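See the structures that follow.
Same chain, two partners: subunit A is paired with subunit B first, then with subunit C.
What follows is the complex of A and B.
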């Protein structure tokens, strides 16, 4: 049997198809993108080696407002961490506390997570519509007519208006992460807390939250990295506008490459996004781990 | 119970406090339910109205006249049927290929004896952190040079590749729960490695393969960035690209857009209604082990 399990032909047959596709499409393109980012290239003509000029343009000269896009994605990440995650935590704690209809609520809250972003965003474009949208209609109905406004097309309101559907769609996901973590804790912990007379808030702050730290770390990474690589919501609802008010690194990268044909320069942006995602994953992992120790 | 009867009626005994808290929590959960469901209700009634009704101030009510023709217009005129079939083909092939390839490589990593198995596993898991943005342009250039833009393959390849990491994570985790005795007995009986894989491993893996299938369905069926970039031929557009194309073009008929959106979510909602627990388990699989 030992010999069978060392069969090189079988090994190649089992491993190579997946490994080749994976390397060619996921791993190697990171190197290719890094190489492109050092070129001046319009995608058709000859490419010219450009050194770090693209990055100088990007960060020092800030020609296309790249820092604005980084700031916007930073705001979205902060909103996710300080609004979406606490909300998800409250819902999870409540459900796990033992309420009637626990299963039903969990099912309903999770539903938007699996619906296509394109559908969700098109729906919210309608909800925000000035004339017949749900939001402005509700405002008029309760006598706040002056509050009705084109939410997505004003620089001041556009970014929060993009954020709202994101919370609406993904709060159920983070809720489920926390809920699953809480449910996997041993029942006795909560029983003894109850006997000691601990109330909802005390149980949550002193017992539950510290015990599900590992899952909080995971959800933080998902929320932050998700904001940094956000593309669909912005592309569909505002296309980065008005006046870059909702532009994020991914949409600027997309436009730079496929609308302006600046392949090298746009690749610089994609390298930045990759590094940003790696870096913050590591920071969150390290940061929370050191506090645990 | 004993404590509450002693301290009198009406006072906030611990028991009553608990009931009050539960009542408040329940009310809040119901409110959130309304918030989560209401946009879907809005979409459903929206899809059955004419422009006159939509502009006429009847925003959340049932249509005064039910315009079912919005649906026939969406399916035929707006080509939703075509986009739907394209999505099914791309998603279907992606699921089959992903399930097959990830099962094979996971078996090799967990059961075959070779020196690089841990490194290969590590490389696959690294992919959980890699954003799809990194592949967008390099793959575009390759596909263009191979004249593969505007083909199903242009989407299936990246969908499979980016689905492999989570699939390998789920499957290798599941292998740890499968006892090796069955395989060992089969080898002793003279079965070949391929026979063991197909007749013993694959059936045992079934629950995990279902999870992988659901995850792959969601990522492929809902994917937008690759689809928008690699497909521009009307005939080959998937649902996400097709629906995206409505912006600006069907502005004259809002009800048709609504109907298209409803049709697009139907398969996902059906899967969810049938398998909500597996879907939830699948989508938290990465977080639980990661």
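What follows is the complex of A and C.
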């Protein structure tokens, strides 16, 4: 076995299938999209090479509100990083510290992650309903009748109303990442911390969090990149409305390509999303690595 | 080894037998009616398909259906990738134009015999005809009407409106009783265009509007007048407060079907559920034309009607069984038009030899009379405008509805 592993040719051979698949479904589509973004093309007929015109339109002469969509996805990324992840961390630390019904709570918090997004979104659409929705019903019941409103139908409230379920749904996901990372740490560390008289907060801040930094990095990347790529929740709950208030880059790209037949220009947006995700992945990796040293 | 060779020979032999029979044909079909409860056309199509299967036992038909919104990108992608099914649902005018230009959709003229042509009603294929060639077979006349719940009008002692000004009064009257006047949801962004386009045609006349929209040059004074009327409707309280976030096909329509809301101005594709056994509106619907505007300089008439024939079955130019696919499309389209007429889904684009007595739908009987009086038909502008302009038009008219654009600002966004 060891001999086999030392054989570079054999290694290459075994890696090859995965590499081919990776190229076919990740690298090549990215390259093809990048090429399309340089074309003026309706997606079907003849394409014309257009240089960087699509990007000029996207960045300099933008009229379709692309930057508002980027801002919206930025808000979601911020919400994820500053609300979702700390919440997930708090739950993970508490569960791992040892509470009664640890297994039960772990499953409950993870449940929203495995339920289909469509189901989650329909559920929240009902919760926000003006007449019979749970949220407005609750507000009326506690005497806050004037607060009841069509949450998803007003530009002012629609964006937070769409983002809340997303933040809520994936808390469990990040919680599980942290929880498993904590559980894989050696028991002895916590035992000795306890013997030394460290309380929950001290253990968490001085021991647990520094030791699972690698996992925090992963979950940060997932949260940020996931926010930039967001599509399904917006598409189902509001279709980017009302009046484009909840539009995010992916839904705008979808409408540009498939509804406006602007394939080249839409590909320009996809290139931007890829680069944006790539850039933030690098930043997170650099940022957390430097502190390790 | 010997056994394997014999086995292989047997397989080859059986394959040869199938080949020799030679008649087995498989036709792949895509459409947009995945379930009976939401789409009345589901039933019409399946009745037509059953007829076809009885006549053609050696033809296998594989049907795949997707809801309207998801279907559009799906068929666009499949056509561009040369992977479209043999026969598929599509929309006419600007929607299919890129595919016609790229040679992805089959020209049907060579397969149209005189007998079949004579069954098609005049003008119903206009939006599937490009450069004088026919690319699609029409699935029905879809028109918009003002559906009124007689019971609610009587309950509150309100009379049907004859003019747009009277409609505003009716809206205010219902509103003052705490009733939302119109069943409406604009999450899809297009239900409001029915109101707007109908009004614009009444001001400028169908000819002017059709010519301007098709050339993407919208500069008649009618556009501003109609936009102001939309604001009058909104300001009078015609629509529910959450209209921007509600789907026309879910809660938007449900309140009408449940008998809570007295009016709906929408396409005839929504009428079947109003007459369903569980509908509070069953037997209580009066169908009216949209009230005429009171402007003296208006060039349109009160029976200039929104709608027409804009969806069709087309055949992929890359189909390996082109002839069989076209024959299937011809048969199924005719039958579906017939059943749609009988079942009350919409009105036919063919001479279907069905007497009006056979029509089950009370609503459709009223619609037939109104269609006879109609002086023109104008289909949705989102289908006539270039797709880029169409999308921006729907975004902006939603902003007009929501109050983010004034009528003047809205008109400034129209393609000139």
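Quick notes on this one:
We take it that the second predicted complex is superposed on the first by the 268 of 293 C-alpha atoms of A that agree within 3 Å, B and C clash if a C-alpha of one lies under 4 Å from a C-alpha of the other, contacts with A are read in each partner's own complex, and residues count from 1 in each chain.
Basically, contacts are C-beta pairs under 8 Å (C-beta built on N, C-alpha and C of every residue); 3 or more make two chains touch, one makes a residue touch a chain.
Remember, it's a predicted structure, so these values are computed and weren't measured experimentally.
When both complexes are superposed on subunit A, subunit B and subunit C clash. Contacts of A:62 after superposition on the shared chain: neither subunit B nor subunit C is touched.
Contacts of A:22 after superposition: subunit B is touched, whereas subunit C is not reached.
Once chain A of one complex is fitted onto chain A of the other, the partner contacts of A:258 extend to both subunit B and subunit C.
With both structures placed on the common chain, the touch criterion links A:45 to subunit C but leaves subunit B unconnected.
Within the superposed three-chain model, A:202 lies out of touch with both subunit B and subunit C [touch as defined at top]. Touch counts on subunit A: comparing subunit C and subunit B, the chain ahead is B. Contacts of A:192 after superposition on the shared chain: neither subunit B nor subunit C is touched.
In the superposition on chain A, A:273 contacts subunit B only, with no contact to subunit C.
Shared interface residues of subunit A, touching subunit B in one complex and subunit C in the other, are 43, 254, 257-258.
Residues of subunit A that touch subunit B in their complex: 1-2, 4-7, 10-11, 13-15, 17-19, 21-30, 32-33, 36, 43, 91, 94-95, 97, 99-101, 105-119, 122-127, 131-134, 137, 168, 172-173, 176-177, 180, 197, 199-200, 215, 218-219, 222, 225, 229, 231-232, 235-236, 250, 253-254, 257-258, 263, 266-267, 270-271, 273-274, 277-278, 281.
Listing the residues of subunit C that touch subunit A in their complex gives 72-73, 76, 79-80, 98-99, 101-102, 104, 186-189, 240-246, 251, 387-388, 390-392, 395, 398-399, 402, 404.
Here subunit A touches subunit C in the complex through residues 42-46, 64, 129-130, 150-155, 158, 238-239, 241-244, 254-255, 257-262, going by the rule given at the top.
By the touch rule above, subunit B contacts subunit A in their complex via residues 14, 21-22, 25-26, 28-29, 32-33, 35-40, 42-43, 46, 54-55, 57, 59-60, 101-102, 104-105, 107-109, 111-114, 120, 123-124, 126-127, 129-139, 141, 157-158, 160-162, 164-165, 168, 184, 187-188, 192-194, 197, 218, 221-222, 224-225, 228-229, 239-240, 243-244, 246-247, 254, 257-258, 261, 264-265, 268-269, 272, 276, 279-280, 283-284, 287-288, 290.
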